[in-house]
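In the two complexes that follow, subunit A is the common piece, with subunit B as its partner first and subunit C second.
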Partner chain A sequence: MPVELKHVTCTYSPGTSQEIRAVTDLSLKIQDGEFVAVMGRTGSGKSTLIQLVAGLLEPDSGQVLLDGLDIHARGYDRSALRRRVGIVFQYPEYQLFEITVEKDVAFGLKHSGLKPEEISLRVRLALERMGFSFEEIRKESPLCLSGGEKRRVAIAGILAAHPGILILDEPVAGLDPLARREFLQMIRQFQEEGMTVIMVSHNADAVAEYAGRVLVMAEGRLEMDGDTRTVMSDLQRLRSLHLDTSAAGQAAELLRQRGVEIPDQTVRYDELLGALTEMMVKS
Partner chain B sequence: MKTKKEIDGKKISFSYLTGPKADLVLREIDFYANRGELVAVLGRNGCGKSTLARHFNALLPLQQGELTVGGIDVRNQEEIWRLRRLCGMVFQNPDNQFVSSVLEEDIAFGLENYETPEEQIPEKTEAALRLVGLDGMGKRAPHTLSGGQKQRAALAGVLALDPSVLIFDEATAMLDPDGRREVLAVIRRLHREAGKTIIMITHYAEEAVEADRIVLMEKGRIAASGTPREVLADQKLLSGLGLAPPFPVKMYYDLLSAGIQLERCPLTTEELVEELCRLN
Partner chain C sequence: MSRMPAGQYIPGRSPVHRLDARIKICGFLILLAAVIGAGSWAGYLWVILALAAILRISGLPLRPVLEPFLRLWTFFLVIFLMNALFFDGQGGIWSWWIFHLSAEGVRRGFSVVVHVALALVLGNLLTCTTAPMELMEALKVFLRPLKLIRVPVDDVAMILSVAVQFVPTLLEEADTVKKAQIARGARFESKKLTEKAASFIPLVVPVFIAAFRRADELALAMEARGYRGKRKSPKRKSACLQAPDITALAVCAAVFAVQFLLIHI
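Showing the complex of A and B:
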């Protein structure tokens, strides 16, 4: 299910004094099974970008294509689109509302036309995928869980619809470092099984470690687009766009300035550790 | 006689529920902060750190134990407003700490409640905005600000009342990198230049590096406390509590496993680079 944006422009409150051009002439293509990170400072258009991909916003001009079909064309099955493209908003734990976890996760499938047994099965599997014991969690109130648990329940609700594309807006914000790692490894697992993952994140370390490709938005345009090493090793440009750089990337840059030879495009922790170990063992 | 301890808590226990299923969220915590000290409270989600912080200005009632802040017993209902003026708090979410439609009114809200003479309010409001680097922005509406600006504006509302204790409850968690840097810079300044007592609740070990003292919490207890070097360089301690050591500390131990010994364990990237260059 490749996604393609063709010359997309999107404006909020057009024709009023509040008019804001959120994205301008945006073109990009995301292939099946990619893990794409989207970076950009607040107001750069990254949330607009993911809402366009999910079909929640309609462009003023240009097209959004899924499998080569224009999702805003007359007759396009948009309710199926909702299930094929899952979007997890920031702080999804605030969106839980049902009496039990089981009901909350099943909610999105209510009008799917699936048989009740099929829905039950999917709910069970989705919760298990997110690391819960179904029997233990199903009757709990989602509002009484911890923050991390709530977030996993919210994502189970998306997974139950079996999306081919999973969009996550700042999924690890507010999680402690260990929970963050567990979470990202789970997302990576989904991607390895064939799901396309699009993750908005300010966390340069998470982006460097997990994404295969990075899109950087600035002022409504696609400022950078490339494989993770290429984008994340351009520290100067990232800084000029007010973005963070990975800790390993920063250390590599400082070491190079001091005359220590660290390979170009060292942006991940393991790469830096490997380079240092090799160098020290040699000397 | 005035005590040196601005916050002095002994055997604080707390539970959100009552009855047989009630779990203690805090278990006999002894916590103190000296006047002018910056204490970082570090721990995983759900360890009780925010619950503890909400006791300092009596947002939560003290159920068991003793706690005084600035010499005021938090149980003393008659002193509660003086306590809350003395001990201000900035929360995690930048979007739900405002009560007015423009900043200066929002900041004046607290001052008016504390019966500040009207003619002093504009001056105090502007002074508070200046302290957080938002000079001249009093007429702006909160929703037109960036996340970092919102958090600083929320802080200005607290600072207008001239508190001696400031509590930041994961105040940077929802901010982008710029916003985070801005807020941390203001916190640093308030500590160094204004001599405020600061409690910083966080789960980023990196943010705790500059603290005078770090208190580690786990499951409602204090698991350890010490200087950043004592606490953050102890990888065993941190990983035992499910916390990630800062990047340079992790690197130090991973290099050690590979047979490379740095002279001392670095806490910042700059220190790590220094140590590596010394070796090279």
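Showing the complex of A and C:
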């Protein structure tokens, strides 16, 4: 299910004095199974971009294509789109409302036309996937869980629909380092199983470590687009856009300035470590 | 939110926007009296002209100011028909069963509709050109005399201004929750009334929880900064009235005076 944006422009409150151009003439294509990170400052159009891809915002001009079909064309099955594209908003825990965890996770499948047995199977698998014991959690009230548990339940509710594309907005904000790593590894697992992942994040280390491709947004335009190494190793450009750079990339830059020969495009921790070990073995 | 609620503040720099909020409330009341007092064609024409002039000066786009009128058209239609058909029990032009269409009724219906519509437009002119916080500050000034009869004016004003400040935040929150629920398959566009009502639960529950959470956080933050309900809040130095304020008030009074003359001549 490749996603494609063609010359998309999107404006908030058009025609009033508070008119805001959120994205301008945006074109890009995301292939199946990619892990794409989206970076950019607040107000650069990241959220608009992901909501456009999820079909939650309609562009003023241009097209959003899924599988080559315009998702805003007349007669397009919007509810199938909802099941194919899952979106995890920032703080997804705030969307919980049902009486039990089981019901909340099943909520999205209510109109899917699936058989009840199939629905309960999917709910069980989604919850187990998120690290819960189904029997223990199913009757709990989602509102009485801890913050981290709530977030996992909310994500289970999105995974239960078996989306082909998973969009995440700042998924690791507010998680402790261990939970963050576990979470990102799980996302990578999904991607390895064939899911397309689009992740908005300010966390340069996470982006360098996990993404295969990075999009950088600035003032509603696509400023940089390329594989993770190319984008994340352009420290100067990232800094000029007021974005964070990965710790390993910074360390590599500092070492290079002191005459240590670190290969170009070193942006990940294990790469840096590898380069340093190699040097030590040589000497 | 793609669809802004009607009557919401629209920032601007027109002379109307810059007036003191207290003056705007006074002017609003005077003009409201002029609107209510209007009873003849000349009277209607006069207030419509006055409102059109203010709208023009304020530089507001027409749509948000006139939109409530369009949205409430069924309401206006019902008022008009009630008056037209039931006002004169003897029947004038046309009668059937309990319905009696009369010339006097039509006239009454028309006048009620015009009055309500003009009052709505007037109210919108006030809220569209005044920031909510300014309005609250001004209201606080007008409520001050109630302190004499031990009404906790400061607390009431604080409650009101906190409530007003939270409206945009909660709207935004509601929008996000709605999108999140739609994205996971919720349907808000069901035709059946019962289903429609039930479909709002996934929206209402999270927004309520969010409101309570925010209220808790704010209460904590206020306590942490030493807010005590009883203590006198530091009095903000109220700005002196400027020449434009006085002029505006005079103009409002003149509009009313002309209306008064139109009624009594």
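Definition applied: the second predicted complex is superposed on the first by the 283 of 283 C-alpha atoms of A that agree within 3 Å, B and C clash if a C-alpha of one lies under 4 Å from a C-alpha of the other, contacts with A are read in each partner's own complex, and residues count from 1 in each chain.
As a working rule, a contact is a pair of C-beta atoms (placed from the backbone, for glycine too) under 8 Å apart; a residue touches a chain by one contact, two chains touch by 3 or more.
This structure is a prediction, so every number in the text was calculated from the model and none was measured.
Visitor: Between subunit B (first) and subunit C (second), which does A:S146 come into contact with in this model arrangement: first, second, both, or neither?
Guide: first
Visitor: Check the residue A:R83 against both partner chains and state whether it touches subunit B (first), subunit C (second), both, or neither.
Guide: second
Visitor: Per the contact definition in the header, classify A:A161: touching subunit B only (first), subunit C only (second), both, or neither.
Guide: After superposition on chain A, A:A161 lies in contact with subunit C alone.
Visitor: Is A:F97 contacted by the first partner subunit B, the second partner subunit C, both or neither?
Guide: Second partner only.
Visitor: I'd like to know which partner A:Q236 touches here: subunit B for first, subunit C for second, both or neither.
Guide: Once the two structures are laid over each other on A, A:Q236 reaches no partner at all.
Visitor: First (subunit B), second (subunit C), both or neither: which does A:S13 touch?
Guide: So A:S13 only meets subunit C here.
Visitor: Is A:L109 touching anything from subunit B or subunit C once the two structures are fitted on A? First, second, both or neither.
Guide: After superposing on A, A:L109 lies in contact with subunit C but is clear of subunit B.
Visitor: Going by the contact definition given at the top, which residues of subunit A touch subunit B in one complex and subunit C in the other?
Guide: Common to the two interfaces on subunit A: nothing.
Visitor: Write out the stretch or stretches of subunit C touching subunit A in their complex.
Guide: Listed in rising order, the residues of subunit C that touch subunit A are 2, 4, 10-12, 61, 63-64, 173, 176-177, 179-187, 201-202, 205-206, 209-210.
Visitor: For subunit A, which residues are in contact with subunit B within the complex?
Guide: Result: residues 41-43, 146-148, 173-179, 181, 202, 204-205, 242-244, 247-248, 250-251, 254-255, 258, 260, 269, 272-273, 276-277, 279-281, 283 of subunit A touch subunit B.
Visitor: Taking the complex as given, what residues does subunit B use to touch subunit A?
Guide: Contact set of subunit B toward subunit A: 43-46, 92, 146-147, 170, 173-174, 176-179, 203-205, 242-244, 247-248, 250-251, 254-255, 258-260, 269-270, 272-273, 276-277, 279-280.
Visitor: Can you list the residues on subunit A that touch subunit C in the complex?
Guide: 12-13, 15-18, 51, 54, 56, 79, 82-83, 85-87, 89, 92, 94-97, 107-112, 143, 157-158, 161
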